[in-house]
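We just call them A, B, C and D in the order they show up, numbering each chain from 1.
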Amino acid sequence: MKRIKFLLFVSVLVLALGVSSLGVMAADKPPVVIGLQGPITGAAAVEGEMAKRSVEIAAQMINEKGGILGGRMIEIRVADDACQPKAGALAAMKLLSQKDVVASIATYGSSVTQPASDIYEKFKKVNIAYGATVTGLTERGLKYFFRTCGRTDTQGAFFANEVVPLFNAKRVAIMHDNQTFSLGLAEDTVKVLQPKIDAGEVELVYFDAITPGESDYTVPLTKLRETNPDIFYFTGYFPEAGLIVRQARDIGITAVFVGGDAAINEDFIKIAGLEYAAGCYQTQEALIEYFTNPEAVAFKEAYMAKYNTLPSSPWSVYAADALCVLAEAIDKSGSTDSDVIADYLRNKMENFPSITGPIGFDEIGDRVGTGINLYVVNADGSFGIYGK
Amino acid sequence: MKIILEQLLNGLTIGSFYALIALGYSMVYGVMKLINFAHGDLFALGSYLGYTLLVFGSTYATVTFGIWGGMIAAMLIAAIGIGIAGTLIERIAYRPIYSVGRLPAVVSALGASIVIQNGIMVVWGPRPQAYPANVVPSTVLNVAGMRITLMQVIILLISFMLMGLLYYIIQKTTFGAAIRACALDRDTAALMGINIETIIFFIFALGPALGGMSGVMVGMYYRKISFIMGWNYGLKAFTATILGGIGNIPGAMLGGLLLGVLEMLGSTYLSTAYKDVFVFLVLILVLIFRPRGLLGEKVAEKV
Amino acid sequence: MKLNKSIKEKDSIFKNWLIIIAVILFIILPFIINTYWVDVLFFFGVYALLGLSLNIVLGEVGLFDLGHMGFMAIGAYATAILNTTFGIPIIILLPISALAAGAFAWLVCSPIIHLRGDYLCIVTIGMGEIVRLTLNNNPFGITGGPNGVFGIDFPSLGSIFVIDNSTKFYYYIWLIVGLTIFGLVNLQRSRIGRAWNCIREDEVAAESTGIDVRSYKLLAFVLGAGLAGVAGNIYATKLMMVSPESFNFMESCMLFCIVLIGGMGSIPGVLIGAAAISLFPEFFRTFAQYRMLIFGAAMIVMMIFRPGGIWPRKRGAVKFESLLMKAGEENG
Amino acid sequence: MAKENNNMETMIRTKQENEEINKINKVVLQTDKLTKKFGGLIAVNNFDLKVSQGQISSLIGPNGAGKTTVFNVVTGIYKADGGKVLFKGEDLAGKKPHQIIKKGIARTFQNIRLFSNMTCLENVMAGQHCRSEEGTWTSVLQTPGQRKEELEIKRNAEKRLKQVGLWKWRDELAKNIAYGNQRMLEIGRALASNPDLLILDEPSSGLNDKESEDLIIFLKSLLKENLTILLIEHDMNVVMGISHWVTVMDEGKKIAEGSPEDVYSNPQVIEAYLGKDEEEEE
């Protein structure tokens, strides 16, 4: 009996010592933990993986410069949301249940961001989306929700106001894939286009959805061909875009093909074949390879050095941007309190030089000023900004 | 009119893929009374097998057999590969549980489907892959003002040839009679001296082989293949099988072609977004009035 | 005296000490684990409820239903739309979503209930897909298309008691699961449950024994759908949003597996199956892309070694005592 | 067997009721020009059958004569293509099997159709489905009324199980008991619905001689419960041993009917059916 008591005493002592020493160690510059929520598995796993890499590179860059808040390092905690709403809610809870997570970079898909941002809001944690572009997201009056990516209506407006006049197009065909992002972009485009349609300047001759994941789109395309469009805007993703371009050309659609920002990348060219892909256009958020500001150059060098390639989509770089603004907000405001960070982001951050250029946020949490450009696939398979 | 004909041809092309895959479902179901949920994924695996062959062996194949020869070679090799994969799945996932009833086999089949699908993802990656461009001639024929691709014609030809061949085997040969006997009553067939093992081996090789071949054709025609395509095609082909009457070989062919045409009609005259709703509604209506599919025999339950 | 005996026989399952320990553990669990795992257990509860609801159709009656998520979607969307558009409190919508899903099931299943086995299977698949696609296409602008409907309130009793955090949601779902189990165990031990099992065993014999096969099949569908509607309601309020992609065919297949992995018609089996399906991916998340591969292989191995499920329903395990006067006499 | 069961008040109709029924019609079941076709095949052709109250009637005939089809039409599994089925003077046309058993016709099947994965007790309890009425909600809540009814069902089931001699197998799954016992269980399940008319489709097939004899005694004992029995039978010993009335059927038509002795000596019957038997025996 005595021995048990003794053992108990010793173990309590050891435990107490251990805890206190941990406490001492923790006091000595604990890392600032930032959560990253993204699709590590599932259909959008590629994006999640790139986001993880980009954010880690950005963290590495900040840490190499000596961290924030006087030498505290940044640590990234990744939670997988598989691009599904339920898994997204779980991932948000996973990050929130770790008390040392200061803020979260969340997340890629719009339909996942919706429940996740509600949860973050409830727990009062700043969360910055990097791929969720659906217009309505920021219009819900959330206090802690921001995004470094643009909104679909900016892109839609760009297409309606810049691209359509550029090609002197009168007859516009728009096709989407009935998923959150794609439908949003298509609808926002029509919204901006509406005054011109009413004025009789342009005509919306085709507006319909295809089912993603199929292979044969000749049937809807034949229907589209009969409307005889000048310009054909496809707002869906690259696997379908590649098929659609080829099948459209095969059945004799000659209209200018413009893809949304998810439509065109290297895989698009592979699927469509270069002879079909060349001369296709894309309204695109800023692609990292065309940036020349010092922050972007540094990021590109670090990324190249580690992975020998560049992120192929803009979204992962926006995730890195999110980390940069968070680090800046925490560092400048000197606090890891959510209210302070949110206040700093919303009211005090202006033209902060981040990787994709200067960043500020407006009243509802949208990024001020994102550059959308018209890219074109060149005959050799490379991308270029049209007109440059 | 021209448009309708052109669309009809488009519908038939999709339908012939469905029909080829549906044959696999129907043959397995006919004899085993089992829905081989992994069949769609075997089709996808066939597509990837063909892809790998064409990417790494395209120059060799094209030099040896000519451009069309290379294609045929890829199809044959994929067919053999998937035939083997089909029998392997039967051995591993189905054979140990035949005796305990049908439902465990459904779970096992779903498991096999998940394994194949994710196996493809692990091996070939989650991104969609594209068939090499040089084996796919994209000649467009102009027939009476209609634009038809050469590939489309070839696919229809090959599909109908394969279907005809299968129909001949099942309906006209002794071996086919044995298969039909097994489908009617496996125990009696066994008593009559039919080797059930051989029959099972044959249907689990031939069904997936047809699926594998159509996988290669889908790859060559559309170029894009992805690891989840098995689910899409599988579900549609299964629908086609039921539409025609499961276990019925001509029914599967009819169901597949009809489904393709129905999809075409749905997306042309309704909306593309409601196409699948339309297809499933037609299916349900058909089943309400013909509970065993279009060509399914009316079986009075023996009491 | 006689009555007591039969009650004793019925209650013995509840008196199992294992069950008591499990219940106590479940009650104190939220105080031990972190909120993430509380949430995981919440979704386990949702799957358990869905599994129980499908178990009525598939396990008890033996009807192949691969579109069960469609019923859940109806419940979830009924909740979402009525709450966001008309501001009806969630607590009122809980029975309404059950009714909506049940009524939908009755409506669509009436004409197809005579179909057998695989034909019924494909029709339920089609029905589930029709629901999902229709929701996705935003008919009359009420379902919000692929975005779904968001901004759903929390369940609350007036403003006094609001279920707004993970722990409360956890107790909420498991309370409902508990009530459901209580009701279903009672059903299993009644003439209704027997009639369902008879239909599963032999439809013709069941009909000849006096069971209205058609009505009882429909009843199973309606009850199962109603429970799925309840699950949809809770799911929608937890996520505060609904979107069509949550109700796809793959999810329906997973529900199917819950019932079969656990054991057809076995309520503890369904709980185990739901645990397997909902917890497995969380434990194996670190394996990333190999996770589903392992999962699929586990399903096959499972069926090879335990084709009847992990915890099949045991019949006749409770010895039935004589109720007649000459109790001691065997074989009349 | 049944002798020892004294408390049959619940099952047996009062004399008064019986007399009333007899007044209306001595014939319990009657088919009138019954016809059933499968495609081009006429399985039952203008078939008339009479089953009298309180008797054991047999339907015999060579294989494929259409006997089972007659049963299936009578019990509502098949729909008649022509003619009528009258039960206690009531036309059963358009009635479904579950409605017909409620009217008082219970049946067994040629190839035993039990609920294999349910216990013997549950099988017999299921037999009382049409005589009980508690609904879904009372079952979910287990109201006192529901409990009482359930208890009554169990009590009756026990009685019937004892009657067919299977009480000791009550907790066994039906598929696990011996073949002869399965036959008896199926009869027990049919009896559990307290029928007026019991239709048995080859009850002695697959039974050994001893079991057949027991069956004959058992069936005779049932008559004391004021049951009427109609059976299809191949075993001539059974037919001759217990039938009051025999109807012979060949190729869908009735070729003879009468007492067993009459039928046995009818030349047409010998030619169509028994004649072959004799040849085989020689």
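Here is the rule we go by: contacts are C-beta pairs under 8 Å (C-beta built on N, C-alpha and C of every residue); 3 or more make two chains touch, one makes a residue touch a chain.
As the structure is a computational prediction, the values presented were derived from the model and not from experiment.
Of all chains in the assembly, those touching subunit B and also subunit D are C. For subunit C, the chain with the farthest CA centroid is D. Put simply, the chain closest to the centre of the protein, by Cα centroids, is C.
Centroids built from CA atoms put subunit D at 73 Å from subunit A. Centre-to-centre, using mean CA coordinates, subunit A is 37 Å away from subunit C.
Centre-to-centre separation between subunit A and subunit B, using Cα means, comes to 38 Å.
Our note on geometry: subunit B versus subunit C, Cα centroid distance of 34 Å, whole angstroms. Multi-chain contact residues of subunit A (touching two or more other chains) are listed as 45, 178, 209.
Across the assembly, subunit C contributes residues 136-137, 204, 289 that each touch 2 or more other chains. Multi-chain contact residues of subunit D (touching two or more other chains): 77, 109. The residues of subunit D lying in touch with subunit C in their complex are 1, 4-5, 7, 75, 77, 96-98, 101-102, 106-107, 109, 113-119, 121-122, 125-132, 134-136, 139-142, 146-147, 149-151, 153-155, 158-159, 161-163, 165-168, 170-173, 189, 193. On subunit A, the positions that touch subunit B within their shared complex are 43, 45-46, 178, 208-211, 213-216, 218-220, 222-223, 226, 239, 242-243, 246-247, 250-252, 267, 270-275. Residues 29, 35, 92-93, 96-97, 100-101, 103-108, 110-119, 121-122, 126, 231, 235, 238-239, 242, 246, 271, 273-274, 276-277, 280-281, 283-284, 287-288, 291-293, 301, 303 of subunit B are the ones touching subunit C in the complex.
Of all residues in subunit C, those touching subunit A in their complex are 34-40, 43, 136-137, 145-148, 150-151, 164-166, 235, 238-241, 243, 245-246, 282, 285, 288-289, 291.
On subunit B, the positions that touch subunit A within their shared complex are 3, 6-7, 10-11, 13-14, 126-130, 133, 138, 140, 147, 149, 218, 221-224, 226, 228-229, 232, 263-264, 267-268, 271-273, 275-276.
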